[in-house]
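Two complexes come next, and they have one chain in common, chain A, joined by chain B in the first and chain C in the second.
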Partner chain A sequence: MLELRDVSRRVSGVDHLSGISIRLERGALNVLLGPTRAGKTSLIRLMAGLDRPSAGSVLFDGQDVTGRPVSKRNVAMVYQQFVNYPGWTVRENIASPLKVRGTAPAEIEREVKRAADLLRLRELLDRRPAELSGGQQQRVAIARALVKKAGLILLDEPLANLDYKLREDLRAELPRLFADSAAVVVYATTEPAEALLLDGVTVAMHEGKVVQAGPTQSLYREPQDLATARIFSDPPINTIPAAAAANPARFAGATTLAVRAHHIRLQPRSASPDVYVTQVESIEINGSESFVRLDVRGQHWVMLARGIHAFAPGTSLTVYVEPEDVMQFDAAGQAIRPRREAA
Partner chain B sequence: MKPVNQKAWLLVAPVLLLVAISAIIPLMTVVNYSVQYVGSTGRFSWVGDEWYREVLHDEKFWNALWRNLVFSGLILAIQIPLGVLIALNMPRKGWGVPACLVLMALPLLIPWYVVGMIWQMFGRVDIGLMGVMLRDFGYNYEGDPMDAWFTLILMDVWHWTSLVALLAYAGLVSIPDAYYQAARIDGASKWSVFRYIQLPRMARVLTIAILLRFMDSFMIFTEPFAVIAGGDPVFLSTELKQTVELGKKAAMSIIYFLIILALCWVFYAVMTRNDGEPGAADQKQTKGGGA
Partner chain C sequence: MKQGRFAWIVPALYILFLMTPIYWLVAMSFKTNLEITTRFTLFPEAFTLDNYAKVFGDERWRSVFANSLMYVSLNTVISILVALPAAYAFSRYRFFGDKHLFFWLLTNRMAPVAVFTLPFFQLYSAFGLFDTHIAVALAHCLFNVPLAVWILEGFMSGVPREIDETAYIDGYSFPAFFVKIFIPMIASGIGVAAFFCFMFSWVEYLIADALSRNAVVPITTRLQALSQASGTDWGVLAAAGTLTLIPGAIVIWFVRNYIAKGFALGRV
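Moving on to the complex of A and B:
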């Protein structure tokens, strides 16, 4: 188990991380989710021991490892760039952490084979990284991290540099790959969809702080505050001041209402939805879905509608929002849990 | 059989024309001279391989070739490691970067003949700074071919090491930070980082540096001509300049050209034998590393 206690890091007067306290368990995929510059990489470097926290402590399995140099920590890391030793073959690359440790050649051979099978690199063992595609290079890097049998495996946006199709393939395999490693696995990403697919535990980060941590599904469904809701929405979550809502009486006590793009509908679902008359600003079609940008009483919303629609910009469009899809936040941005029975 | 579309010739014609004018025609003219005797009246007569045989039996030619090879060898042995060493120690950020780059570029901006003149002055035992300092050790480049040789090596190192350093530096800065982090995580020593990360990632620019430095040093002419006015030690180029007969000159030129071509090919083949073709999806982030 990896535990951070009130960890912060200041670099030349700028807070990169402040007051972070989290516990990450073995066996679960721990996702750090947040936009660029949220502090994900800084936090990962701290966890690895590449940087020292300015305050607070890092504990691994109950042992204080703050300030212990990275080379003594048994950490494995996979980067956004595909980092492999350029002069070595795939086989030598995968074997490198074991060689450093002085593992017996027969066991190295066995471990390399096992990792190569797991990552479908069997045919490529004698090639050099430069002869591989980006996806294959990243597989080699992941294989290297796996054979190291590190207590902590850190993946810093490992799929960001891959093209779309390769990303999907590798993403689907990741939970399986790390399922039976006994390590604490930490995976940083900017994409909410990635966090949802990997499931496990999500730590939502914003401006160097942890805004919420917990099981991924509950973070997605019931964000504690507006910041988490924003981080965990792609396309961006739609907001409107409660006073400007179609039916303000329903949301008494709330300051801001938020609703996800796919919860804005062209047809009502219940007998009493909130009805908004909007202006179409623009529309983007990706083949099976349409992203419709709407002007709703001065707010800019995005509606995700199934199928292809041809709404001309400037025309007016009536959309429906079901009250149970609406998230409510108070003036401080904290979530107000609706009591369904009472509504 | 499929009919061949002869129009394709039309499309490659401009390239053929360009190559013909810029390379093939001049080269063939020289080849033509090298197998003829040109009389004083401008009359050509066929002599076959006579000029070649004369050149290849000429001791002066072999001495010059030997001097050239040793010169280039020494130049590479000094400039490549020195350039890499300088590049490794150049700053990576801050105001030091532009300062270093400008300083390193300065020698490269000086015309070759001027470099020769500078060193001719510099080495003079009566007024030159280096000459006066080394005078007591018996240094005199005008009298001693070895001293002249030493001066030329020093001059070339001064003139061109920064090119190697700049190329190596370009290779170094293209290595993403993640590689160094990964090395730290693996507990790699400074030497391992150099041997397994920096050197392989610099390999391509160093190949270019070695080729450029080899060709330039092998063809050196301007500077020795300026420093020692074509006297001893004689290089192939200065020997060529002193040769009078057009046919012999041409034959020498062809031999000289073939030597450079062959050596470059050997260098290139040896240095790139381990290179795979660059991956189709080579890293988006690390462009330049492989370029």
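Moving on to the complex of A and C:
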């Protein structure tokens, strides 16, 4: 178990991380979710021991490892960039952590083969990283992290630099790869969809702080505050001041209302939805879905509609929002009575 | 754009221009003194290896070559060994005054060499190092260490910091990482830096001459001395001159693929 106690990091007067206290369990996939510059990488580097916290302590399995240098810790890490030793073959790259540890050559060979099979690198063992595609290079880095059997495995946006198809493939494989490792696995990402697909536990981060941590599904469905709701929405969550809502009486006490893009509908679902008459600003079609940008009483909303729609910009469009899909927040941005979503 | 039919003329002329003095030196080394001093000939009329035989047969010539090779090699090794950790620090760490120090290192190269001959002479004499190989080698470090630091820093900064971190995460200690992983990655940079150190030290005359008397006579001193004396043996001088070109040519051959990057100080 990895525990951070009130950890902060200040670099030349700027707070990169402040007051972070979280506990991450073994066996679960822990996702750090947040936009760029939220402090995910800073936090990961701190967990690895590459950087030292300015204040607070890092505990691993109850032991304080705050000041312990990275080479003395039992961690593995995969970077967003594909980092491998360029002069070494794939085999030597994967074997590297075992070799340092002084593992017997026969066992190294066995472990490297096993990892290579898992990551479909068997045919590439004698190549050098430069001769591989980006996806293969990143798989080498992941294999190196796997063979070490470290207690803490850190993945810092490992799929961000891959193209779409490779990302999908590798993302589907990742939970399986780390499923039987008894390690604390930490996975940083900017994409809410990735957090949902990986399931497990999500730590939502914003401006160097943890805004909410908990099981991924509950974070998604019941964000504690507007910041978490924003972080956990792609396309961005749609907001409107409660006073400007279609039916303000329904949301007494709330200051801001928020609704996800796919909860804005072209047809009502219930007998008494909130009805908004909007102006179409633009439309983007990705093949099976349409992203419709709307002007709703001065607010800019995005509606995600199934199928292909051809609304001309400037035309008027009536949309429906079911009250149970609406998230309510008070003046401080705290959630009021979080509601269950209908899938 | 289509290249003109005569596009080769300019580079050809340029190369001819560059190569003429070298050709003349080599051609002279195969001529007799009589031919050199009395006629203007493009090719040696009476081709002779006597000049080379004289150089190789003369103990004084052999020893100046040995001397020069000795202090040049010493200097190259010292410069690289000192520059490696320095360049790593400049490349990887931010510290107080790092940029100024880096620039200041280079300004050393802007001063004329002659400025340093007198202080060097006094200092090395005081420490009893006068007329030793190590004296010349150390003196040349004044110019070669900054140059090597500058070149190596460029190559090192081309290696992503994440490589260092990955090595530490894998469990390498700093020395193990530096020797097993980092040095091989910047091997071409080391080659280029060594080349520049070697060449500077090999052709440098003033300091080497000032710091040596009998035990360590550098090749440059002897070439200079002979060309000034009356009754110069032109053929022998040309042969010795040709021989001094060889080490440089050999070193260039080894680093030929990296030399352009080296001139750009690794920042390509």
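Heads up, the rule we're going with is that the second predicted complex is superposed on the first by the 337 of 343 C-alpha atoms of A that agree within 3 Å, B and C clash if a C-alpha of one lies under 4 Å from a C-alpha of the other, contacts with A are read in each partner's own complex, and residues count from 1 in each chain.
Here is the rule we go by: a contact is a pair of C-beta atoms (placed from the backbone, for glycine too) under 8 Å apart; a residue touches a chain by one contact, two chains touch by 3 or more.
Nothing here was measured: the structure is a model prediction, and the numbers come from that model.
Student: Record, for the superposition on chain A, whether partners chain B and chain C clash or fit.
Tutor: Superposition result for chain B and chain C: clash.
Student: Which holds for A:Ala48: it touches chain B only (first), chain C only (second), both, or neither?
Tutor: Both partners.
Student: Which holds for A:Ser57: it touches chain B only (first), chain C only (second), both, or neither?
Tutor: A:Ser57 contacts neither chain B nor chain C.
Student: Can A:Val83 be said to touch chain B (first), chain C (second), both, or neither?
Tutor: both
Student: If you tally the residues of chain A touched by each partner, is the higher count for chain B or for chain C?
Tutor: B
Student: Which partner chains sit in contact with A:Gln279 here, chain B, chain C, both or neither? Use first/second/both/neither.
Tutor: Neither chain B nor chain C is touched by A:Gln279.
Student: Looking at the overlay, does A:Pro97 come into contact with chain B only (first), chain C only (second), both, or neither?
Tutor: both
Student: Would you sort A:Val75 into first (chain B), second (chain C), both or neither based on which partner it touches?
Tutor: It touches chain B and chain C both.
Student: What is the contact status of A:Gln299 with respect to chain B (first) and chain C (second): first, second, both, or neither?
Tutor: A:Gln299 contacts neither chain B nor chain C.
Student: Answer with first, second, both or neither: which of chain B and chain C does A:Leu132 touch in the superposed model?
Tutor: Only chain B; A:Leu132 stays clear of chain C.
Student: Pick out the stretch of chain B that clashes with chain C after the overlay, from 75-83, 111-119, 255-263 or 273-281.
Tutor: 75-83
Student: What part of chain A is shared between its chain B contacts and its chain C contacts?
Tutor: 48, 50, 70-71, 75-77, 79, 81, 83, 85-87, 96-97, 100
Student: Inside the complex, what are the residues of chain C that reach chain A?
Tutor: 160, 162-163, 165-173, 176, 181, 184-185
Student: Could you please specify the touching residues of chain A with respect to chain B in the complex?
Tutor: Touch list, chain A to chain B: 45, 48, 50, 70-72, 75-77, 79-83, 85-88, 96-97, 100, 127-135, 137, 161, 163.
Student: Can you tell me which positions in chain B touch chain A when the two form their complex?
Tutor: Residues 176, 178-179, 181-182, 184-187, 196-197, 199-201, 274-286, 290.
Student: Which residues of chain A touch chain C in the complex?
Tutor: Spelled out, the residues of chain A in touch with chain C are 48, 50, 69-71, 75-77, 79, 81, 83-87, 96-97, 100-101, 144, 148.
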